[in-house]
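Scrolling down, you'll hit the structures one after another.
Each of the two complexes below includes chain A, the first together with chain B, the second together with chain C.
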Partner chain A sequence: MTVLAALVRRDLTLALRQGTGAGTALGFFLTVLVLIPLGIGPDQALLQRIAPGALWIALLLSVLLSSDRIFQADFEDGSLELMTMGPAAMEIVVTMKGLAHWLTTGLPLAIAAPLLGFLLNLDAALIGPLVLAMGLGSVALSLLASLGAAVTVGIRRGGLLVSLIILPLYVPVVIFGVAASSGIGGVNIAGPSLMILAAIALVALVTVPFAAAAALRAYMH
Partner chain B sequence: MKLVADNLACERGGRNVFTGLDFAVEAGGLLLLRGPNGAGKTSLLRLIAGFAEPAAGTVKLEGGHADLTLGQHCHLVQHQDAVKSALTVEENLSFWAGFLGGGDIEAAVAALALDRLRTTSAAYLSAGQRRRLSLSRLALVPRPVWLLDEPSVGLDAASLERLKGLIRDQLAGGGLVVASTHVEIGVPATAEIDLGAIGRQAA
Partner chain C sequence: MKIEKYANPTRFLALQEKMQPWLTGSAAFIIAIGLYLGLVVAPPDYQQGETVRIMFIHVPSAWNAMMVYTLMAVSSIIAIVFRHPLADMAAKAAAPFGAVFAFLALATGSLWGKPMWGTWWVWDARLTSTFVLFLLYLGYIAVWQAIEEPRRAAAIARIVAIVGFINVPIIKFSVDWWNSLHQGESIFRAGGPSIYPTILWPLLVMGLGYTLMFFALEFSALRSEVLARRIRQMEIAEAQGS
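After this line comes the complex of A and B, so read on.
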């Protein structure tokens, strides 16, 4: 346990000191959300209708923004290689780094989303489902982002490539995330959608570490 | 404990770096790797550490822990120093101590005289000081096999003496060391391999 705690603690400290922490992600999230009413105009009914979708898109972009740094710095300075020589399996290392990424982006953004939702005239009744759906969905987003980061770790300026690889994988998360938090749909689809979101997060938790660790090993060889 | 390579071959980018390499290093032994740039010294060390598959042959540690890979028995000090600039010297050490399963930070600080730099951010370290921080991992966590790639680069005379002392202690304690170097590191080697000569034979 101390092994894993040491890794998470280090990644959180580095994120805070290098400006890739919660503050930066929140700032980006806020900026995107401020731009949306400016682009669409002050139609309150329209804004209210698109608010959950807009919040989800902003969340995806914020998570992507910091994703290429998950492994890159550690890959370049040799830390990642030394980590393979430690007692923890690479799959565990990947999971912990994904967790640290979620703690510095997904979780704070899910908590801040209702507050920033006021910019978009978000329906107050949707606050609960939205926070829950974003909290669950962002676990999958961070894990998938770490897969993209692992696959492109040896490529300089791989940020754009990460987006191209990962955004298609984000489609199911967005569909069920919006379904769980938008309040639209004749029947109550929020409950089942939340469960599917949880399932996606669990599948990602089980599969991504193996895929990402394999990609990292391939780069080291 | 014994590190044995049998008919080992390494290929990089479709080119044979070396082939048919045999060696055995007993506990307490120091193997020095010689040869010009590109002869495969780093490739061999990385191969032992498990970052590359041999093109042919095997390398294994006899008498090691059965549950651990060869790499998990090793310390590797290479050109990339794995030092985080955003952390202080002590924070860097305490991360590796925690991650490698518990280590002695005081011993590591003492081993390469990092005491005055403890709370300094690693961003302000000179190249030689970063090297010392990187080398101090050797004293942080005991490991039976040390793989050192040009360990003396950038070190001042006093630090080089400390490094020699560390290597002597490791050998005296029954560990083994494989080091590549262009300069004399002042510790008598039990074996030497000239990878340049082997490469010329292969070509």
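After this line comes the complex of A and C, so read on.
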């Protein structure tokens, strides 16, 4: 348990002390959200309608943009290899690093979303479901991002490749995430969508570590 | 005779040489019959008119796009479990054809959608999931392009192929799970096909023809892949020797 805690604590400390951590993701999230009304126009009714979707897209891009910090630096300076020699299996290391990424990206952004939602005239009634859906959905996003980061860790300029591989897998999260956090559809689909989001997050939690660990091993040997 | 025997590249090359003319010939012959049945014999649909004939390209392409990805995922699993040298190459060789099939399904569907649904494209479940399949093919191909060392590229590509396979059942059942503008399953369903025999037969013949065409292309691409790898090994050996 102390090993797991140490792994998470190390990543959290790095993220908080280096400028490239949670602050950058939050700044990027804010930038995207500011650009949307500038690009679409300040029509309040239109903004209110697209606010949940726009917040989700901004979240997704922020998670994707910060995905390279999950493994890249540790892979390059050799500390990842050192971690694999420790008591924890590679799969555990991957899970903990994914968790640390969620704690420094998905969770803060989900909490900040309603605040920044005011920029988009977000309907106040949607704040609760939105935070819940984003908090849950970003678990899946962070885990899938760690898979993409693992698959491209040894590739120079792997950033574009990450988006090509991972964006298709983000599609269900976005669809059910938006369904859970916006009033679209007429009938009440928020509950079932939230459950599907939870299911996706759980499936990612049990499958992604194995796939990502296999990819990291392929790069280390 | 056992099928595992042909996992050996040399034996595969010998088999491929014998089978290639038959595969290519039968694919061309069956597609010719299918086109004749579809374009000449089959009557126009009473509602859709002549546009119904787009189906004879559209549906076989979509079937093959899903089948090819399934084969790639199965090959990748075989490569992980049995370490057959040919399995990775088979998956790598299949990917561009799968991407073309997915693209054809999307393009012909779009051409068919305009007169029938009144729109080139809608973001509904089956269209979206097929588009995602196309992107997965591109991602898989990009992995092989981006990683220079073949063994490492193979190891990464396997993971990408297997993870992406989750999309195939989603495409297959998308029309049952969601209310889609795309029509529901009308061939492989309980109670038999719901489309009329005069257009069902050309469709099945074209489906068989497309599948044979894929295997003809796949065999010849796999031959190139085996030979390319041998050339690479010879070049390495030569560079080390000098």
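Just so we're on the same page, the second predicted complex is superposed on the first by the 221 of 221 C-alpha atoms of A that agree within 3 Å, B and C clash if a C-alpha of one lies under 4 Å from a C-alpha of the other, contacts with A are read in each partner's own complex, and residues count from 1 in each chain.
Here is the rule we use: a residue touches a chain if its C-beta (ideal position, glycine included) is under 8 Å from a C-beta of that chain, and two chains touch if they have at least 3 such contacts.
Everything numeric here is computed off the predicted structure, so don't read it as measured data.
**Q** Let me test your reading of the model: by the given contact rule, A:Ala51 touches which partner, first (chain B), second (chain C), both or neither?
**A** neither
**Q** Could you look at A:Met96 and tell me whether it touches chain B, chain C, both or neither (first, second, both, neither)?
**A** After superposing on A, A:Met96 lies clear of both chain B and chain C.
**Q** So, does A:Leu169 touch the first partner chain B, the second partner chain C, both, or neither?
**A** So A:Leu169 only meets chain C here.
**Q** So, A:Ala133: does it touch chain B (first), chain C (second), both, or neither?
**A** Neither partner.
**Q** Residues of chain A touched by chain B versus by chain C: which partner has the larger set?
**A** Result: the larger residue contact count on chain A belongs to B.
**Q** Applying the touch criterion given at the start, work out whether A:Leu107 contacts chain B, chain C, both or neither, answering first, second, both or neither.
**A** neither
**Q** Quick one: classify A:Leu161 as touching chain B (first), chain C (second), both or neither.
**A** second
**Q** Which of the two partners, first being chain B and second being chain C, lies in contact with A:Gln18: first, second, both, or neither?
**A** first
**Q** Once the two structures are superposed, pull the chain A residues common to the chain B and chain C interfaces.
**A** No residue of chain A touches both chain B and chain C.
**Q** Over in the complex, which chain A residues touch chain B? Could you list them?
**A** Where chain A meets chain B, its residues are 2-3, 5-7, 9-10, 13-14, 17-18, 76-79, 81-88, 220-221.
**Q** Please output the residues of chain A touching chain C within their complex, sorted ascending.
**A** It comes out as residues 147, 151-152, 154-155, 158, 161, 164-165, 167-169, 171-172, 207, 211, 214-215, 218-219.
**Q** Show me the residue ranges of chain C that touch chain A in the complex, using the header's touch definition.
**A** Residue positions touching the partner: 128, 132, 135-136, 138-139, 142-143, 146-147, 152, 155-156, 159-160, 162-164, 166-167, 170.
**Q** Touching residues of chain B toward chain A in the complex: what are they?
**A** So the residues of chain B in touch with chain A come to 49-53, 71-72, 74-76, 78-84, 86-87, 91, 94-102.
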